[in-house]
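In the two assemblies presented below, chain A is common to both, partnered first by chain B and then by chain C.
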Partner chain A sequence: MHELNRPRSRLLTLPAIVIVAVITQAPILVTIGLSLVQWIVVRPDLGVTFVGLNNYFDILITRDFYSVVLNTALITLASLAACTVLGILFGLMLNQDFRGVSIVRTLVISPFFVMDAVAGIIWRTMMLNSSFGFNESFASLLGIKPVDFFGVYSLLTIIILIVWQWTPFFVLIMLAGFRSISVEIADSARVDGAGWWRELLSIRLPIIMNHIEVAILLGMIFVLKVFGLIYVTTRGGPGYSSANLPFYVFRLAFLGWNVGHAAALAVVTVGITLVAIFFLFRWFRRRFAEASS
Partner chain B sequence: MISRARRGRRMLRIAAAWCVAVIWAFPLLYMLLTSFKAEADAVPPTLWLAHPTLQNYGVVLQQQILRYLEDSGIISLATVAICIFVGVPTSYVIVFGRLKRADNLFFWFLSTTLLPPVAMIIPVFLLFRVLGLLDTLGGMILIFSGVNIPIVIWMIRAFLLDVPREILESADLDGASRLRSFFSTIVPLCRQGIVSIGLLVFIFVWNEFFFSINLTYVNAAPVPVYMASFMTQEGLFWAKLSAISTLVILPPSILGWFAQRSLVKGLTAGSVKG
Partner chain C sequence: MRRTLAVLAMLLAGSTAVFSGGAPEKGGPVELTVATVNNPDMLIMQQLSSWFTRSTHIRLNFVVLPENELRQKVTEDVGLGSGRYDIVTIGTYDTPFWGKNGWVVSLEPFFARLPKTERDAYDREDLLPSIRSALSYNHAQFAVPFYGESSMVFYRKDLFARAGLVMPETPTWQQIYDFAVRLNGIEKGTYGIVLRGLSGWGEILAPFDTMINAFGGRWFDEHWQPGFEEPPMREAWEFYKKILSDAGEPNPATNGYTECLAIMQSGKAALWYDATVTASALEAPGSKVAGRIGYAQAPSARKGNTGWLWAWALAIGSSSKHPDEAFKFLRWATDKSYVSLVGNQIGWSRVPPGTRASTYGNPRYLSAAPFARRVLTAIESADYEHPTLPPVPYVGVQYVSIPEFQSLGETVSQQLAAYIAGQKTLDAALADSQAAALRVAREGGYLKQAQ
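On to the complex of A and B.
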């Protein structure tokens, strides 16, 4: 058995532990501390005072908080559902052999590697702009008014952009799943006379269920953090109608300079994220443990 | 008869695949097209390239973008170097070391990737202000290393688990020291994985928005920050906007094309079979 049993090898893990702990863990503890003080940077006359849980109460009594939580839930659920369905469909589509399939795959996957800032810019200007973009061209072609993507439908716009960017990620994982299905299994299903839909629902999808679950879990982790797309397109507006939790924290911290409120909201965000991930994570851990044993 | 019907269906499926791909990539393809248009032809949108020109690229390359590209390049490359240098040995020890709590250590790293960056931004901002790290390359490299080291540890693990134990054991019998066997056996065997994960970290850092916009202003601002301000100031010059957007998404797109397989392997290995 090849094993590193010298205590010296343990030292190799130290730099990583120190850097990660200092950069990512310590700040979270400080955030918890800051959530208990009143500190408005633009009002130095008020000073920094301990206010206990008041910041949490201040946040929890605003309507904005609940609409932002609802937005976050809607964004997450809607985009994950759409990404999963499209990911499976596109995965099936790319799991065929034909000339040019690698070009098709590259085209489908390309949005994933585009930075949020640019993705937001393209959609905001050339695609969805209601006076000049394709939005307007289509509307005048159909003789209707252009859709107000950055007003009434701002939340939908954010979801569309996330789906556009993250479906490729789902496709990559689903594709890996479909590739892992052996030819014999697919053939035996065909011999049994199973139709395409039956074969998909009762044989192929159950086999790639692991892949689907992993894609959803990772997708959720990323979608809960979405920030750049919102910043560049709707700025969370109008009002807070398309803001998610990270964007709301940003608004409180860097536009309102209310450190206490922002920190309290950040802590609540972590709480919600952890609760959302908790049940999935238990499953996650079990899988890892199984596979590595 | 049957074969003809089957071939017809196959052609249909292939045509559908092409359609979906072109629609999905349409915003990018259209951006590419617009980048070769004269500014006067860019609005309203047409699929016709009346007067193809490279002028937009010439114009945008003369603006400050070069400085931002340089900042992004330095930050990304330095972060990749640190993450690989620190992350790969750590993962090696977690997989092969006889640590008592190797699994716990691994899941601790894993769990840090779950936390939303907003939970750290305020203290990091305050700390950086005190230490004079706001708007510096060093500060950005530091924060991105902290965020990406766990990802390297997580993803390289999949490749380490693939290393046949017999090879390592025979290296042991040869009396190679552990450190030597790391460089003589592990690194060459996982070369592909290490390179692709390096590429992915490069892409993540190059594209990162949240920390960039909150921790930099002018001196160390990477490309995404520039794009956001360009959008605000010159958002109506679509041809220029397209040229500049095309330039900045080119590096991650090319690198991403090479790294896509390893992305899937690194993220899913251990949690899926096969």
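On to the complex of A and C.
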């Protein structure tokens, strides 16, 4: 009876599937369609013409594209590495019971709740500005030239700001992991003569490995999409030195008004992101398999 | 096809603009949606708009945005045909090709339909000719100026006197450099000069383009071949970096107009070259340098009359459902009586400058704004039609009047910022700028047109 009804019951899910498909897949299909046309919004006299894969060729032969891809990789890898290390260290610290731990936890986590644009503007004007910010105050106190955070060190500055903003997210996940370790395991490790380092490396970190992996995976998805911080601090410059792929798409779409190029780049960006996530997932699966065996 | 793509693109962008609609269609008073920029003059307009509503019963819904976002939103709106805004605030750069694209409507039929008494009262001939010409396409006016500006040099009279220096009425860039180097550090923490360093065609390129013109450079030659490999262009790039390195504010990459204004207002710079509209802000009560600022015309080199020309203007979106009501608002906001309204209600120094000759004949304005005559001279002498020494196929002083300049200007400004920050050599920055300009000339069909 159940077997007979299954196809009909599956039909009931069809509207939901269609709605979800339209909502999630239609924009991607439209983007792919737009990537095959030449359409410059500010030049309606040129019309909209089908150009095949030309937009992709145009992007792939541009030197800027490769420097932006490299920037994106550097921003993502450096930020994730720093966030992971800091997340573990802060997680360990906040896992202790000491007076004021709740206040410290709140302070550590608070940057995560500041909006991108607000954080960027505060860092750009109040903290790191060479003429007004703390940067200028420190430099004049020491009698040196202020550090050129948004010029020479623009990429490093973006990475630092991302780490500042996203470390709390890692801390929250790591802390949850550390708190899930039972006291008995830690006690038995100590009884067996393990020191703090040995306990951390051989007991605690392997136990929270799945937490670390989830943090890295989600962190990667979020960091790859960073836009607001770059927009309000460096605008991707000087040159393209601090631009990532989302910001590059924005520049093509809303400064160049070249819909075809922007759409082609968006498709390439999605492709790169999917490949990166695929390999990361595969690596995680192997790690899980090894751990469980 | 384009309409379909437009709707799809709006969906893609996640924009709600296409669904948000404009004024109510049936019953009730008309409501106009006005997209405007968040500068002080426009905010005053918003503040005083209740006077307009009281007399016309037309309600106004203001969408106030920073300059870059305004241009982005409004271009998206008109370019994709969603028609959210009845009135848009655009500049002298946008107006000619927006008119050509049919995104804003010609104002000529509206003026022609006005009764003579109202036409005379508005007095279109009173608008400054250079500004009016910059807001026209094919001899038809597409926007009315709300305020206009050129560029000039602001300097600290007290520091000049202390150093025994005298600023000429029209200095050369070399003189400005010498003054800046001499005054750099004259007081602890005082820079010789402050100049925009933030990338963006509306930021660093505004003063820098006038420097290119002064040195004899050009973006394109008369055949639309890019001019980034010509010696005067190279000279201008070197000079901008040199003056900033030797006497400018440190690490200028984040300093746009607002930051430079703050530096000058706080007394941390001896010289500044920027928009004339700044004068009232420097003389305002909150400014530490009020009463100590001198003014000179835009610096020259091989070419004189290098000051830029800009106006923020109001235009009617072509998809507005209430163009007649929108025209009423345009007239109200740019009329002589609006100037008096601002003068009486807010203060005469806050009157929108640079649009009407009558403003500069008003003794109350002249006594409140000691810089007024110099501003008028700067605007009247701006070389909008012939901005460069060698011939060029474009108009516009601090921009090239083609739609692609938004993108090209952004790219070149980023190259300049990278060169100033030492991240790129001059050769590489100029080569990349040349390549970008060549791509625009080819893709935009300009090279083909010239051949």
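What we mean here is this: the second predicted complex is superposed on the first by the 256 of 293 C-alpha atoms of A that agree within 3 Å, B and C clash if a C-alpha of one lies under 4 Å from a C-alpha of the other, contacts with A are read in each partner's own complex, and residues count from 1 in each chain.
Please note the rule applied: a contact is a pair of C-beta atoms (placed from the backbone, for glycine too) under 8 Å apart; a residue touches a chain by one contact, two chains touch by 3 or more.
What you see is a predicted model, and the numbers here were worked out from it, not measured in a lab.
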- prompt: Is A:254 touching the first partner chain B, the second partner chain C, both, or neither of them?
  reply: both
- request: Return first, second, both or neither, reflecting whether A:34 touches chain B, chain C, both chains, or no partner chain.
  value: both
- prompt: What is the contact status of A:146 with respect to chain B (first) and chain C (second): first, second, both, or neither?
  reply: second
- prompt: In the superposed arrangement, which partner chain does A:26 touch: chain B (first), chain C (second), both, or neither?
  reply: both
Query: Should A:42 be classified as contacting the first partner (chain B), the second (chain C), both, or neither?
result: second
Task: State whether A:236 touches chain B only (first), chain C only (second), both chains, or neither.
output: second
- request: Using the touch criterion from the header, give the chain among chain B and chain C with more contacted residues in chain A.
  value: B
- prompt: Looking at the overlay, what does A:154 touch: chain B (first), chain C (second), both, or neither?
  reply: second
Message: Quick check on the output: what are the common chain A residues between the chain B footprint and the chain C footprint?
response: 26-27, 30-31, 34, 124-125, 132, 136, 254, 259
Field: Contact set on chain A toward chain B in their complex
entry: 1-6, 9-10, 12-13, 15-17, 19-20, 22-28, 30-31, 34, 90, 93-94, 96, 98, 100-101, 103-127, 132-134, 136-137, 164, 167, 172-173, 175-177, 180, 210-211, 213-214, 218, 221, 224-225, 227-228, 231-232, 245-246, 249-250, 253-254, 259, 262-263, 266-267, 269-270, 273-274, 277, 281, 284-285, 287-289, 291-292
Field: Residue ranges of chain C touching chain A (in the complex, touch as defined)
entry: 1-2, 5, 8-9, 11-12, 72, 75-76, 79-80, 97, 100-102, 189, 198-200, 249-255, 259, 262-263, 268, 403-404, 406-407, 410, 414-415, 417-424, 429, 432, 443-445
- request: Over in the complex, which chain A residues touch chain C? Could you list them?
  value: 26-27, 30-31, 33-34, 37, 39-48, 63, 124-125, 129-132, 136, 140, 145-152, 154, 233-241, 251, 254-259
Message: Per the contact definition, I'd like the list of chain B residues that touch chain A in the complex.
response: 10, 13-14, 16-18, 20-22, 24-25, 27-31, 34, 43-45, 86-87, 89-90, 92-94, 96-99, 103, 105, 107, 109, 111-125, 127, 142-143, 145-147, 149-150, 153, 161, 165, 168-169, 171-172, 178, 181, 203, 206-207, 209-210, 213-214, 223-225, 227-228, 231, 235-236, 238, 241-242, 245, 248-249, 252-253, 255-257, 260, 263-265, 267-274
